[in-house]
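Shared between the two complexes below is subunit A, which pairs with subunit B and subunit C, respectively.
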Partner chain A sequence: MVIRIAKKEWKEQLREKRFLAAGLLMVLLFGAALISSKAYYEKEQDLRLHAQQGIEENWLNQRDKNPHGAAHYGIYLFKPESRLALIDRGVNRYAGTAFFVEGHVRNEAQFRKIEDETGLVRFGELTPAYILITLMPLFIILIGFNAFTKEREGGTWKMLQSHNVPMHKLLLGKWAGVTITVLMLLIPLFMLMGLIIYSVSGFGEFSLAHYLILGVVYTLYYLIFINLTLIVSWFSKKSGAAFITLLAIWIVATLVVPKLFVSAAQYLNPMPDTNAVAEMYRDARTGGIDGHVPSSARELERQVMEEYGVETLEDLPFNFAGYRLQVGEEYDTKAYNYVFSHIHSAISEQDALIRRGSLISPFLPVRNLSMAMAYTDVNNHWDFSEAVELYRQDFVRYLNEDLMYSSRTGETYLAGSDVWAAKPDFSYELPGMGEVLKAQSGNLFLLFGWVGISFLGLLTIKSKSGEG
Partner chain B sequence: MLSKIIHLEWRNLTSNRWLLISFLLLAGLILLATLNRSYHQEAYLMKVDEVRQTQSAEFQNFVADHDSVTAGLKEIDNQRINPVFPFSLEVRLTPQAVFEPTGLGVLAVGQSDIHAGIFPVRTFSDPINKASVFYNPTTDLFGSFDFAFVLVFLIPLVVIAFSYNILSEERENGTLQMVMSQPVSLMAFLISRLAFRFLILFGALLVVLILSLMVAGVSVSGNISGLALLSGFAALYLLFWFGVSLLVNLFGKSSSFNITALLGVWVVFVLVIPTLLHVAVEKVHEVPPRSEALVEMRNAEEEAMSLDRDEILDRYFMDHPEFIEAAEGSSADEQWRELYEFYKWFYIVRQNIAEAVSPIVDDYYSRLEEQQEFAGRISAFSPAVVLKEAMSSLAGTSPAHYNHFHTSTELFRMEWMETMRNKMLREQFVILDDLDGLPQFSYAPKDVNNGFARAAMALSLHLLAVCGFIVLFRKKAGL
Partner chain C sequence: MLKTDQLTKRYGDLTAVRELNLEIKEGEIYCLLGPNGAGKTTTVNLFMGFAAPDEGQVFINGLDVTNHALETRRHLSYIPENLALYPNLTGIENLEFFAGLSNGQITDTDLKKLLSEAGLQQSAFDQRVSGYSKGMRQKVGIAIALAKDSKALILDEPTSGLDPQASNEFARLLEILSDKGVAILMTTHDLFRARETGTRIGIMRDGVLRREFNAGDVKHDELEQVYLEQVLQKVQEA
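Here is the complex of A and B:
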């Protein structure tokens, strides 16, 4: 019986021209998104490699200079995009891509792509995730909104009742009919996308398990919308009313709630502005040794001379200026750690507040999970930023120590290309899937909660109908 | 007859509880959106004020220090901050570039959540790093809640919910025959009903908007021309959606068909076309990545710095002998001379770097402008995009405004650099009377009237196209 209902439902969907048209539109858009995303991804990767190479050449070809001068000249590190960014670009356009690595200062990432954009991008970005997360629920609503209302409007409702069709079987049949259509659309698209991502040469391994989990997240999301659609269709008298209600739910979930919660987060937990950050830095940096101001390190001079049993700095077996710069650098680092932990926690607080919107909108946990799994969320941005900061400390220490050990106090020393060539290497690895899932446990919990509640909703229909 | 239709309509509307609730909800959202943006704008203006106050305090300190130093009452070890030495202007009286939104800045967030509106400009500021503030990329991704969002995204849905069954309902309720028997054509009946609904919605929208602006403390009388333009755009946009709704009704299908078809049109114009246009803009008008400019700038910097100092100075004075003469008249003693020599080199090197990179920087900004121009032209494909862009132009927060701001900043930086360089080359000390003559940053918002005419034209064309289709299908439908 269930299978027959599902089949009938499914056949009806195929017969309806507008469903076919909508399905076709989804496939075409998905294709366009995949093609443009791939092209964009490959171009960005080329540009990044090219720029990184240019910076590397800059660095190697710089003139001979004091190694600490070279630390001021610094280098840039460009953030690579994971290959799953092809699906969901997440915050990549909105976060900086270039990290300036220099002495004394930890910099916020520069060159945000969004700064070079027209207003069009604010409407949404044509990526597979945009189709899968924002538009796909609309398709579900379209094929399911009149699942029950059409029986009422067409007069077949009474017929079903007179044939003693058990309501739970009817419900299950309708549910299966809609779900099969959605999966029939999703599975081939998802497989095609997997193949393309697999074929792209990119950053990070392509792990099938990881990709499948992403697929499961999307599927669970669709189940929520399928359930909601059927519930609304059940309780509506007219198809039009069902549709308007579902549309309102969709708009609130995908468009209104995220913006409202972002506004609330900006209002309740504003980001510190540049002045506040500068002040925070000044407070954290007061006292301590300034690597460039010898008078701030008199005590240190005395201690070091005592330790080495020498009378003057010139007698030390190393260049005290390099040592002082490195000690000063550690004070700088400490102050920046303090400042950046504040900025980081301000961002975390905002994100936690936005996450509360997940209680009203299943879109939010899924969007967050999707970005996290694609390594394009703000956590990944910070992860990279922290890796860059650790590298920066190594990089500056290397140069200061070169000054320290390659010369004696008071000498003029210019380092050359051999020193530039031997700078520490930067490497970054994406966190493993376990780590991502652990960080996303809150969103996973919310997603499962939504799935559970929507199924409970369906069950209440069944029990109600049992009485009728 | 008309009055009867209107009377009936009014009763229909007021008796529809859902409609009233959604109306109130919408009014609440508009108020919220306006207050939200006005909070941000006020916070921004307060920051500007704070920076200006700090600046004027610094200025007074500077003058006081200058007086003490020239009177011989005070000695300053670090000449870089000594107010008689020109370099101190760079660090103590650093000019600030300040972006100013228009009076209607609260209407549309535009790019104002992305760009820093206020930052210091010095000779050695980076011409392509746009001095971003500390940001949370997630909030920028989802975007802020503003009136532009309500008008562009949500209002069309209200229009659709308001009119999708204007004809199909009569048929489904069996009242169509009754309407047909009246001494008024069906078309006139439909149009008068829709016109009435348009007026109600439009009127309510204007009232709510104006009240919200008043609550947010925005002067209505001071922005009357901007508001008039906005109402014109909004009216055209609403009429377009009412027109689409009428058109779909003329197909003579069921209400449920109408609503799905109308939603399809909404999805296409509001969600699909803009993303496709964005892809097109990126493909056709690519902006050179700043990372490339960065590499060039670093090369230029290394090259300029690696030349012999004396050689640079000699070469420069060969081309500019007037400065040798000017410096001879300077009252600087030997110690100052040495310092001036260093800074002469410093500013000449800065100029060389600026000259080397200016083609790249100019190219970057002009390509950005071209891209925005192109996006403006192709946005005509979707009335939603046209309206949103027009609103950020009205608010003074459009990408074009920020581009103009950044190029003005860069021009100002050049002017400032030249002033500083000349002072160093002439070995001039800072005199208090000079301070008034220092370059001042002033930002004149970009003239976008051109864009408004284009927006009005695009919106009218869309409306006309819909009207054309209506006339066409009216014949087909036999009305």
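Here is the complex of A and C:
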């Protein structure tokens, strides 16, 4: 009986102009989003590849110079991307994907694509993730809002009753019918998207496991909306009322709550702006950290000469200039760690507040999980930023130590191509699936919670119908 | 087959059906007449189990509807005034769906046979119901009832809005079902159709069964006079 009802629902949907129009619109929008995202991704990756090669060549071909000069010359490091970034660009456009690595300064990411865009980007961008997370629930609402109300309005409700259709079977049939219709659209789109992403050869990593989990996350999200749609349709007397109610739920869940909680997070836990960061750094550098004021240069000279039992800096077994630079660098690093721990703390507090919004809207955990699977979320940005900072310390230490041990105090020393070529290599691997899932355990818990609650809601229908 | 015993149903202060005693045997076509608000549809709803009685009992095939709603509906088919079918499905698909709910899988040949038996033109089998006339929909309803092989059929004003030819065809179908031993309860405003088709006729007003006739024992004029008296009474009371 359940299959019969599901088949009937599915057949009716296929012949419904509303479904055909909405389905066609979804396919067209999805196609447009996929094509534009692929073009954007390929262009960006191409630029990045060329830039990385150019930067490497420039570094190796720079003229002979003092190693500290080379530390200021610096290099750029680019955040590696998963090909799934083609689906969900996440924070990349806003946070930047390239870091300038140099002495003394821990830079934030640069080349934020948003800076190259016109004001039109404020209206949002069409990405596959936008279609899948924001518009797909609307499609579900469109095909399911009258699942029960149409039976009441059309009079078939009594016909079904007169044929002894138990409520749980009708419910299961309706659920299966709507779910099959959604999957019928989703599966081909997802397969097409997978093929296109896979075909973007030579760029980024492609993890089938991440892609499949992304598919599961989206499917669970759709189940929530399918269940909500059926619950509202059951409790509504008229199709119009059901549609308006569901539209309001959609607006609140996908538009209002995310913006409201992001605004609240920004207001309650504001991120320090550039000036504030600079000031914080200045205070940490001059006012001392935990009361430790940096030794003055002369005091440092005295300490080192005493330690090595020499009378003059020239008698030291290394170039004191390099030593002093390294000590200063380590102090700078401490100051930056202090500043960035504040920034990280603000981000964590914002994240915690936004997560509370997930109790009102399933959009938020899904949005976070989608970005996490595509490695375009804040966590991944932060993880890469930390890896870059660790590398920056190695990079600057290498150059300072070259100055220290390749010359003596007072000598003029110019490092050459052999020094540039031997600089430490930077390697960064995107976190594994286990790490990502662990970091996203809160969002996963909330998503499963929503799925569970929505199914409990369906059970309410069963009990309200007197079959409970 | 269909029976009520001191059946009463109230909606707030209004008593829609009062102490109704009715019995319809196998093969009988009982036409329930009455002005609007007489309690006809409430009686149907009580038989169908769509509403629960406040007092008294409703029996189908000897089983109390209140306590055995699912079991009694197995013996029952129902055709409302505007038979509700799924407009995006064809006649044969609607029949397959509803018949399948009761009987499981039915072959395509059997479905077509049922629709032919119900008098639907073959060319309409595969047309969507959204393009059907009321008469055509009623024929699909009869086919559904035939497929269910019910022992009883309840019809709520099935001929209202049908043209005379469609109404005649419909009456013929009811006679076929009656010949098969199906007990039929039909509410209607159509005195002519009631006398022509029914084996027994009851007239209700204000929830009370006022008069009962054997259709063969009453002339049309006489039936009309009694009916009008009831309607006038209702108007005067109003």
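What we mean here is this: the second predicted complex is superposed on the first by the 448 of 468 C-alpha atoms of A that agree within 3 Å, B and C clash if a C-alpha of one lies under 4 Å from a C-alpha of the other, contacts with A are read in each partner's own complex, and residues count from 1 in each chain.
As a working rule, contacts are C-beta pairs under 8 Å (C-beta built on N, C-alpha and C of every residue); 3 or more make two chains touch, one makes a residue touch a chain.
Keep in mind that what you see is a predicted model, and the values were worked out from it rather than measured.
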Of subunit B and subunit C, which one contacts the greater number of residues in subunit A? B
Partner chain in contact with A:R15 - subunit B first, subunit C second, else both or neither: second
Per the contact definition in the header, classify A:G90: touching subunit B only (first), subunit C only (second), both, or neither. first
Counting only touches as set out at the top, which of subunit B and subunit C does A:Y428 meet: first, second, both, neither? neither
Thinking of the overlay built on chain A, is A:F235 touched by subunit B (first), by subunit C (second), by both, or by neither? neither
Applying the document's definition of touch, where does A:M159 land relative to subunit B and subunit C: first, second, both, or neither? second
Scan A:F206 for contacts with subunit B and subunit C and give back first, second, both or neither. neither
Between subunit B and subunit C, whom does A:R4 touch in the aligned arrangement: first, second, both, or neither? second
Of all the subunit A residues, which ones make contact with subunit B and with subunit C? none
If we count contacts the way the header does, which residues on subunit A are in touch with subunit C in the complex? 1, 4, 8, 11-12, 15-16, 154-165
Residue numbers on subunit C that touch subunit A, as the complex places them: 48-50, 70, 73-74, 76-78, 80, 82-89, 93, 97-98, 100-102, 128, 148
Contacting residues of subunit B [partner subunit A, same complex]: 29, 32, 36, 39-40, 43, 47, 50-51, 110-111, 114-116, 119, 129-130, 132-145, 149, 153-154, 157, 161, 164-165, 255-257, 259-261, 263-264, 267, 270-272, 274-279, 281-282, 287, 289-292, 294-295, 298-299, 302, 305-306, 368, 371-372, 375, 379, 384-385, 388-389, 392, 398-399
Applying the document's contact rule, which stretches of subunit A touch subunit B when the two form their complex? 18, 21-22, 25, 29, 32, 36, 40, 47-48, 50-51, 54-55, 57-58, 61-63, 73, 76, 78, 90-91, 93-98, 108, 110-112, 114-126, 130, 134-135, 138, 142, 146, 149, 238-240, 243-244, 247, 251, 255-256, 258-263, 265-267, 270-275, 277, 343, 346-347, 350-351, 354, 377-378, 381
